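Presented sequentially are two complexes of subunit A, the first with subunit B as partner and the second with subunit C.
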Partner chain A sequence: MRELKTDILVIGGGPAGLSAAAAAARAGAEVTIAESDLHLGGQLVKQSHKFFGSKEEYAGIRGFEIAKILKDEIAQYGSRVSTMLNTTVSGYYGDEGVVTAMTGEEEYLRIAPKRIVITSGAQERLIPFPNNDIPGVYGAGAVQTLMNVYGVVPGKRVLMIGAGNIGLIVSYQLMQAGVEVVAILEAMPKIGGYWVHAAKVRRLGVPILLRHSIKRALGGDLVTGAEILELDDNFSQVGETETVECDTICLAVGLTPTNELLWQVGCKMKYVPFLCGHVPFRDKEMRTSNEKIWMAGDVSGIEEASAAMIEGRLAGLGAAKSLGLNIEPGGFEKYWSRLNSLRAGEVGEKIRVGVSAVVVDGWADVQ
Partner chain B sequence: MKASATFESGVLTDERPGAVKPPRDLWEKHKGGLVLVECPQRIPCNPCNTSCPTGAIVPFEDINNVPTINYEKCTGCAMCVAKCPGLACFVVDLTWGEEIALLKLPYEMLPLPQKGSTVKCLGRTGEIVCEGKVENILEPLKDRTKVVHVAIPSDKVGDVRAIEVA
Partner chain C sequence: MDLINSHPVLEFSHGERVSFSFDGRSMDGFEGAPIAMALHANGLRIYRRTPKMRRARGFFCAIGKCSSCFMVVDGVPNVRTCVTPLKRGMNVETQEGHGSIKLTPDEAV
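Our next item is the complex of A and B:
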């Protein structure tokens, strides 16, 4: 079996991983990025809308363009950063210091890195309801991949479940692709996503029904509609069930960190509801309880690409520093101040509280 | 199935911080128009300010603040209209014509409107408010977000927030 050696292995080539690779390469490290997908960029390649945030984190630029900016940045380090696409890291063997990976169906290989940065991102949650297994019921990620990566619309009339940022943005993107969005259902008494994202679909005539959810999907071989219901404060049904005609039901009900590798490594983890799942404890340099493993981005807690990129820089600096390389002076302070300013407001409160539960100054006291 | 037009579901129902009208006197005589921002929620975002060439959208002390505007400095250039990721900036020129105002709004849909054509003008819940005439279609940042200039009755500037192109 082939064994590849590298200073730093970055697992996942999304915004966090690309930023980590750039920071580490800048310090002089040899970096290898392993990415399961056929291209780099993670979630960014599917985002055709302009991003929120600060200028430093490319606000006002479309997501897929941000992916290009990051790819150009790592390209400038030439052979110091190598990329393995279609390559999924499948396991970690700590006593030997290797990870195993699959490239396509063809090759199973070993990678022996000195340090690892895990930036595996997030996966979607789904909700149970009768008939949720019939063709036409999609996760929002699948709808986006079909539409924005492969240029295929999922249907003609979509019912969106969830008015968080993903539900709102994917609704807008569906409309741009000429697909009708019949309604967006939201179980809570207010939208979860940014108000402006909601305003921009409402003014195009899409109803957002608060305190509403899906009861069942209708149809046999394919989705033909949905039964929807109104909820009270205890999330019990009030009033009559209504029927909506649609050929696609899109679930945008939240994400949870893709943390399997961290579990397998044995990193100390904690369930933090505000970060949407089990996340690793980390120090201020984004190191986990394993002294050779760093992590950043959605795997550290569901947040945004802006934060993922900054955390990625921190992790890349941390890993490079531990190899004795010269990192940009004041780098940690600079990135922390950017992270803190993004998280300073009301919408960042859950993140602040969540992160404070897992950020440590040292490892002695962590159970 | 009827969605109510509440603030909680994304419809602006009244003025509030981050969503205010320009002062009437200045607005009525200001050629080129003045900016109207509808961004009433504190979120970490500031491209309206960083894209503003004159500093009319005041620099953010905290990136989470809602935008504040110095109308004296606004030229109605609509760079913020083109840049805002929330499509929350508009420019209204009340000097355009007799009882006719020019609304500059962001547009990212297909088909594109034709210059000189008549389009349906939509309110904040997608209801048809009036018709408007497309006076110009620009792409200030060359990033596919169009800024469409549409002439509408002056008394509808508080209501029209989108166009529908047939």
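Our next item is the complex of A and C:
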């Protein structure tokens, strides 16, 4: 078993993790990034669309290009930042200060970090319906990986479930890849994502069926179609079930934080519906209730990559500061003001309410 | 292989094209990209059968979390093919049930 030591172990090399690594390395910390995928960048590498938000958070630049910018930034620090790909962290043994991990399926590691930043991101939700387990029912992120990272055609005719931003964006990306999107179903009475994304797919002739959901996937070993139904205000069926022919059913029904490691560590957690699951309490420097563990990005609550990058900077600064390193003066204030401006307005209201339920000034009163 | 040939935004840089075996059949894939992607590009969708109900399972999450794409690779069962890179000459097999671990002669009791 390989053993290694590092100042700061960053778990997850997506937008939050790369930003945390950059902030900590800039302060002089030695950083190790453990990434379970075969490349850095997290979900950014799958995003072929231009980002919104503010200029500091790369508005107007395509997601996969932002990943490149962040990777270039950490490359500046040379050997101060090292990266382990295909490496999944499996546990933290606090008494011994050891993190266990595996590279690939066979090689095991013991890592002894002084501080840890958990940026493990999110995973997709599944909705229950008969036959949701057969090949052809895919998560939206998986479809993006297949076509946008590896250039493989995911299917011929896709039925999209969910008209949030992911459902809308992935539908548009499917059409860019030459795949037919039969329809987008949305159980709610209104579109969840931004209008600009919805308008793009509508202009290309894809119907967005509100108050509609999937009843079952059709097919034996493989998807051949789906039964769909219309819903009333109580989410009960109205009218007849309709049959749609498709070879792929893409689920874009939301994300939930990948928080297993935080639970295992024993971080104090709270269920916050607006943040899409159980998330850790955190102080203003993104530290958890464990004095050696910081976190940032979707694991802190489902939000956009722009917010994940800023939270990552905060967490990287926090972890570096606790090691006695000199961090950029005014750093926390600067990143909080950028975060607050991203979360301003009507669109950010749920996030603001959600975050306010888990940000603490001290740990004495947290149950 | 069923690849995206033209794209308005993205350019794909594939690794070296290599041969591997799937259930005894020879097929091509790109070295370094996950095994599941190579299978999908070859039109294959069923990667394993569940232990009790024998239901088909395939690609699902593509981030190594859901267990749907477990296969037997070079004799080792339960390999997460969505995050395991393809290598030249790999022997990839559909997994039946839980799969079984073959002990080497030294380890066998």
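We adopt the following convention: the second predicted complex is superposed on the first by the 366 of 367 C-alpha atoms of A that agree within 3 Å, B and C clash if a C-alpha of one lies under 4 Å from a C-alpha of the other, contacts with A are read in each partner's own complex, and residues count from 1 in each chain.
Quick note on the criterion: a residue touches a chain if its C-beta (ideal position, glycine included) is under 8 Å from a C-beta of that chain, and two chains touch if they have at least 3 such contacts.
From a predicted model like this one, the values you see are computed outputs, not experimental measurements.
Enquirer: On subunit A, do subunit B and subunit C fit together or clash when superposed?
Expert: fit
Enquirer: Can A:Arg62 be said to touch subunit B (first), subunit C (second), both, or neither?
Expert: A:Arg62 sits against subunit B and subunit C alike.
Enquirer: Under the stated touch criterion, which partner chain does A:Gly205 make contact with: subunit B (first), subunit C (second), both, or neither?
Expert: The answer is first: A:Gly205 touches subunit B but not subunit C.
Enquirer: Of the two partner chains, subunit B (first) and subunit C (second), which one does A:Ser36 touch, if any: first, second, both, or neither?
Expert: Once the two structures are laid over each other on A, A:Ser36 reaches subunit C alone.
Enquirer: Looking at the overlay, what does A:Ala344 touch: subunit B (first), subunit C (second), both, or neither?
Expert: Only subunit B; A:Ala344 stays clear of subunit C.
Enquirer: Based on the superposed arrangement, let me know which partner A:Asn148 touches: subunit B (first), subunit C (second), both, or neither?
Expert: Only subunit C; A:Asn148 stays clear of subunit B.
Enquirer: Considering only the touch criterion stated at the top, classify A:Gln176 as touching first (subunit B), second (subunit C), both, or neither.
Expert: After superposing on A, A:Gln176 lies in contact with both subunit B and subunit C.
Enquirer: State whether subunit B or subunit C is in contact with more residues of subunit A in the superposed arrangement.
Expert: For subunit A, the partner with the higher number of touched residues is B.
Enquirer: Mind working out whether A:Gln123 is in touch with subunit B, subunit C, both or neither, as first, second, both or neither?
Expert: It touches subunit C, and subunit B stays clear.
Enquirer: Shortest C-alpha to C-alpha distance from subunit B to subunit C once the two structures are superposed, in angstrom?
Expert: Least C-alpha distance after superposition: 5 Å.
Enquirer: Taking the two structures together, which residues of subunit A meet both subunit B and subunit C?
Expert: 62, 176, 178
Enquirer: Could you list, by residue number, the parts of subunit B that touch subunit A in their complex?
Expert: Within the complex, subunit B contacts subunit A at residues 1-4, 6-12, 38-47, 50-51, 62-65, 83-88, 108-110, 122-127, 143, 145, 161-162, 164.
Enquirer: What does subunit A use to touch subunit C in their complex?
Expert: 36-38, 48, 62, 64, 86, 88, 104-105, 123-124, 133-139, 141-142, 145-148, 150-154, 176-178, 220-222, 258
Enquirer: Help me check something: in the complex, which residues belonging to subunit A touch subunit B?
Expert: Touching subunit B from subunit A are residues 49-55, 59-62, 65, 163, 175-176, 178, 183, 186, 189-191, 194-210, 228, 242, 244, 306, 341-348.
Enquirer: Write out the stretch or stretches of subunit C touching subunit A in their complex.
Expert: Residue positions touching the partner: 1-4, 6-10, 12, 14, 30, 32-34, 37, 40-41, 45-47, 55-66, 68, 76, 79-80, 82-85.
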